[in-house]
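What follows is a pair of complexes built around chain A, which joins chain B in one and chain C in the other.
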Partner chain A sequence: MDRLYVFKDRLFLTLTVLASIITVSIVIAIFVVLLLASLDAIKHFGVFHFIFSQTWSPHRHIFGGASSIYGTVMTTIIALFFAVPTSLGIAVFVTQICPKSLKGIFSYSVELLATIPSIIYGMWGLFSLAPVMRNYIEPALQRLFLPIPGLKVLFEGTPLGIDLLTSGLVLSIMIIPFIASIARDNFELTPKEFSESAYAMGATKWEVIKDVIMPYSKVGLLGGIIIATGRALGETMAVAFVLGNDHSIHLSLIESSTTIAVTLANEFTEADSALYVSSLFYLAFILLFLSFFLLSVAKFLVKKGVKRHG
Partner chain B sequence: MNQVLLSVKDLNFFYGETQILHNIDLDIYKNRTTALIGPSGCGKTTFLRCFNRMHDLYRNNRYEGEILYKGENILKVKDLIELRSKIGMVFQRPTPFPMSIFDNVAYGLKLKGVKDKKKIRERVEKALVGAALWDEVKDKLYSPALDLSGGQQQRMVIARALAVEPDIILFDEPTSALDPIATSKIEELLSNLKKITTILIVTHNMQQAARVSDFTAFIYKGHLIEFEETEKLFTNPKEELTERYITGRFG
Partner chain C sequence: MDRVRKRKLINKIALGLSVFAAFLGLFWLVFIIVSVLSKGFSAINWSLFFKDPAPPGFSGGGLRSAFVGQGIITIVASLIGIPIGIMGGTFLAEYGRNFKFSRLVSDIADIMVSLPSIVVGTFVYSIMVRPMGHFSGYAGAFALAIIMIPTILRTTEEMLNLVPWELREAAFALGAPYYKVIKDVVYRSAAAGLFTGVLLGVARVATETAPLLFTSFNNPFFTVNPNQSMPSLTVTIYQYAMGPYEEWHRLAWAASFVIVVTVLLLSIAGRFIINRRFSKR
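Showing the complex of A and B:
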């Protein structure tokens, strides 16, 4: 009897340890493989040059990742710019304003957004959103912003609908469910006594949300935003449809661009030289590094935040 | 002598179809401490939360009757924000807002739109002195309130309530989350506070009621059983139910 227990315990221990070790090894293995596969390109172009050069010319065998990196970062920033305020609005509405009976419907439909496959977002972006952007929204933005000296550069060019802005919008819709549901959960975690305490001092609903609920949920919100950012950085299919795959950097938001993920998806089949393949791996390595770096920053901030809250 | 500040007349309170409070009549005297005692679930906290209309935050609640305050029925008041700046409240657990000590104490003034920096500073200092916290925090007014100990946080919350110079402060078991030393500091503070304001306190601790209050109301199953000067109620209760409760034979 006793020995059976000992055996079961050991078996369980071994299985859990094994599972953890395998996970860690996979992560390390991916890093190592990507690094090894990109060694050629790293030796050939160096780190600094690869990150800051926007020449991506397969027939001249010169590869610089700047355009892909720029597109990745810009689409993500645009996505966050639209998604964060919208998600906070949704979370405030669902937890503080909307009647209890409708709460379920709203929460559920926002979460449903997360279940839509990204290829469908891409198709929607290309066939529905892009024409609207091209014909109505982008010309309107140009009328609005082109006369303003500082903002002119962001809206120059011919509106095509296949550009950074459209991609950012599609991405923002894709990440809203993540931020909104995490924000909602965190708002609901704020102890009732704290918001009641502010109400009892004569605060309005908005003041309670702004001064008590939001600051209390800060750490959790940040976590949600980071998860969403990670998702936006790596999103491929949806963006591939509406970004135009253009390896050059334009400051204007209504110009085409490309992202690391899109470049990888499009160009592996065409890569005809070892250096080309290696450069693509190099890009993949940078993408992994970006996500990894972001996650570390998030963990650090969350840890600091938790400490502050005691 | 005993000047009436608030007068509760035939108060009934309903949650949905359930009646929680039944026909309560009671006067709250100015610059006195009134304690509400009774077994758990008797409705004492529900009663307390009628005074600043906290029940309005949730649906399906209904008041009947009157709580007269300066000639007006609190239960019919439209401007809750103005009402709540006159009637402060302190909760069971300390509720420091995630901001500095100074900003916490100044929060009520900020809500009222007070802009005069000098006036705010004066009021914050006065409130912290009033809450017996000034000496402990005067050198770290701008550090986060969350860094204070539990007892200090509760005194800061009391200072926050004091800063807007309310006519009455409602205390909902303010020491139930604190250790004995912090509790005795708060009790000492309560005895001093009635010089500048009026206190209505819910407590589950009968010794505490006896120590800090001038008047005590015993509530049982939503009915006010007895309301008397504290000394009389604890030494010579009129009702048998009160006597059984304070001698620990039920509840």
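Showing the complex of A and C:
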């Protein structure tokens, strides 16, 4: 009887160990397989040349990733530009201003933004947000910024609503819940004694937030922002609808562009030559590497932030 | 005195801005949900669920094939993903709770949750679609399973960690072997949490699009054979929304409506289960 138990226990242990090993080996396998599949393109175009060359011409068999990488970075920057202040505002509101009875329901509504699938963001972006951008927001921005010499380049062109700005805005809405919830957790971890002693010195609420709570939670906040960056970099569907898949680099925010993920989504099944496919794998590998790197840094920072409080 | 007034003014402005930010967040949520509900609701009818797509340009079709395809892909993905996720999470929280290896697996799983899902699609394409020579529902399910595993693994780990250690000790004291303790004591007391975790994991994965683009692809015809390319709701929405026909857009909104309503109901239900479970203590 005892031996049967020992046997069953060993069996269960083995199964659980296997499952966790499988999880880790999937990540390793993804790295290895993508690297192998992109070897052809790496040999052909090199590393720096591929990253900085903007020619993407399937019929001439020349592939450079610069346009996709530029679009990826720009949409992410725009997304952070909108999302970081909004999320911090939300976290301040939830932890410092909101009445206790509404706190739960309010945080939950913001978290609901994270449960909406990206394809829905795409649909909404294309059919609801893009027309508003095209007809009202972008013309207004142009009236505002075109007369200013330095900012002119950012707003040139015909507003179509299918552009970097709209994509960045959609992305920003998608990452707000991630930054906001990490910011909220970190704000709440700030010891009451710290903020109360600042209040006792006569500080206003905003001064307490700015000079006590924010500095105290900066490591965790930074981690949250980097996680959101990692997510924004690799988002596919929400951006694929509203970016226009255009392989040329425009400085203007109201021009079409493409990101690594969007290029993959649009061209992967149509790629006809081995080198074309391999270049797409190369892009995928770059994306994987970038997000894995950023997310590991973020993970480290968030842990460090939590450890200091614990 | 002037300084004080200035500080108070700055305080009011900053707090006002954060209230504004909070309502901006709510505004986006309402804007998205209201547009999907209003545009989708008028497109919902019985033929959406019971008819297959009409040829392009013709009206009157439905998305039966996409619903069935999505269902099959999700079920196959769950059959692979749920056992591995739960088993892995069990190792991290039980047998391996003191090992450095477990912390590493847990961190890597956390990173995997946020990895770009389209990359998983390209991975499965090169290990399944290319060797097999054709797109298939199995490949789509496998891609979704890869995304499902870390999600379920992490929630399982967290839920099991919430079970008080004394409960296990009580069972050990009765002479129960560890696997029995896990099966009859730990799983049982974490059941509601585990169920919710699985539910949300499946829901999250079932609404993914990017990993299906190059794995299950799409298929204009009804099929229940996962060994050929299979239609799914999400990929169909993408194709229809980007297409030129008014009828396609209508169907895409209808499908979005179904997805949003399902996801909202599931996540509210999950919230409810967890709240009820943990307010009892």
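Basically, the second predicted complex is superposed on the first by the 270 of 310 C-alpha atoms of A that agree within 3 Å, B and C clash if a C-alpha of one lies under 4 Å from a C-alpha of the other, contacts with A are read in each partner's own complex, and residues count from 1 in each chain.
Assume contacts are C-beta pairs under 8 Å (C-beta built on N, C-alpha and C of every residue); 3 or more make two chains touch, one makes a residue touch a chain.
No experiment lies behind these values; they were computed from the predicted model shown.
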**Message:** Just to be sure I read the superposition right, which of the two partners does A:Phe292 touch: chain B = first, chain C = second, or both, or neither?
**Reply:** second
**Request:** Could you tell me if A:Met237 is touching chain B, chain C, both of them or neither one (first, second, both, neither)?
**Result:** second
**Prompt:** So, does A:Pro215 touch the first partner chain B, the second partner chain C, both, or neither?
**Reply:** first
**Item:** Touched partner set for A:Glu207, first chain B, second chain C, both or neither
**Value:** both
**Asked** Which of the two, chain B or chain C, is in touch with more residues of chain A?
**Response** C
**Asked** Should A:Leu34 be classified as contacting the first partner (chain B), the second (chain C), both, or neither?
**Response** second
**Message:** One more residue to check, A:Asp272. First (chain B), second (chain C), both or neither?
**Reply:** neither
**Message:** Taking the superposition on A as described, I'd like to know which of chain B and chain C A:Glu193 touches: first, second, both or neither.
**Reply:** first
**Complete:** So the chain A residues that chain B and chain C both touch are 204, 207
**Message:** For the complex, give me every residue of chain A touching chain C.
**Reply:** 5-6, 8-9, 11-13, 15-20, 22-24, 26-27, 29-30, 33-34, 37, 85-90, 92-94, 96-98, 106, 108-110, 112-113, 115-124, 126-128, 173, 176, 180, 204-207, 209-210, 227, 230-231, 233-237, 240-241, 261, 264-265, 268-269, 280-281, 284, 287-288, 291-292, 295-296, 299
**Request:** Spell out the residues on chain A that touch chain B in their complex, using ranges where they run on.
**Result:** 100, 191, 193-194, 196-204, 207, 211-212, 215-216, 218, 308-310
**Prompt:** Which of the residues in chain C end up touching chain A in this complex?
**Reply:** 7-8, 10-11, 14-15, 17-22, 24-26, 28-29, 31-33, 35-36, 39, 83-88, 90-92, 94-96, 101-102, 104-105, 107-112, 114-123, 125-127, 146, 149-150, 153, 177-180, 182, 203-204, 207-210, 213-214, 217, 234, 237-238, 241-242, 249, 252-253, 256, 259-260, 263-264, 267, 271
**Message:** For the complex, give me every residue of chain B touching chain A.
**Reply:** 52, 54, 57, 59, 80-85, 88-89, 91-93, 95, 97-99, 107-108, 111-112, 144, 146-147, 157, 160-161, 164
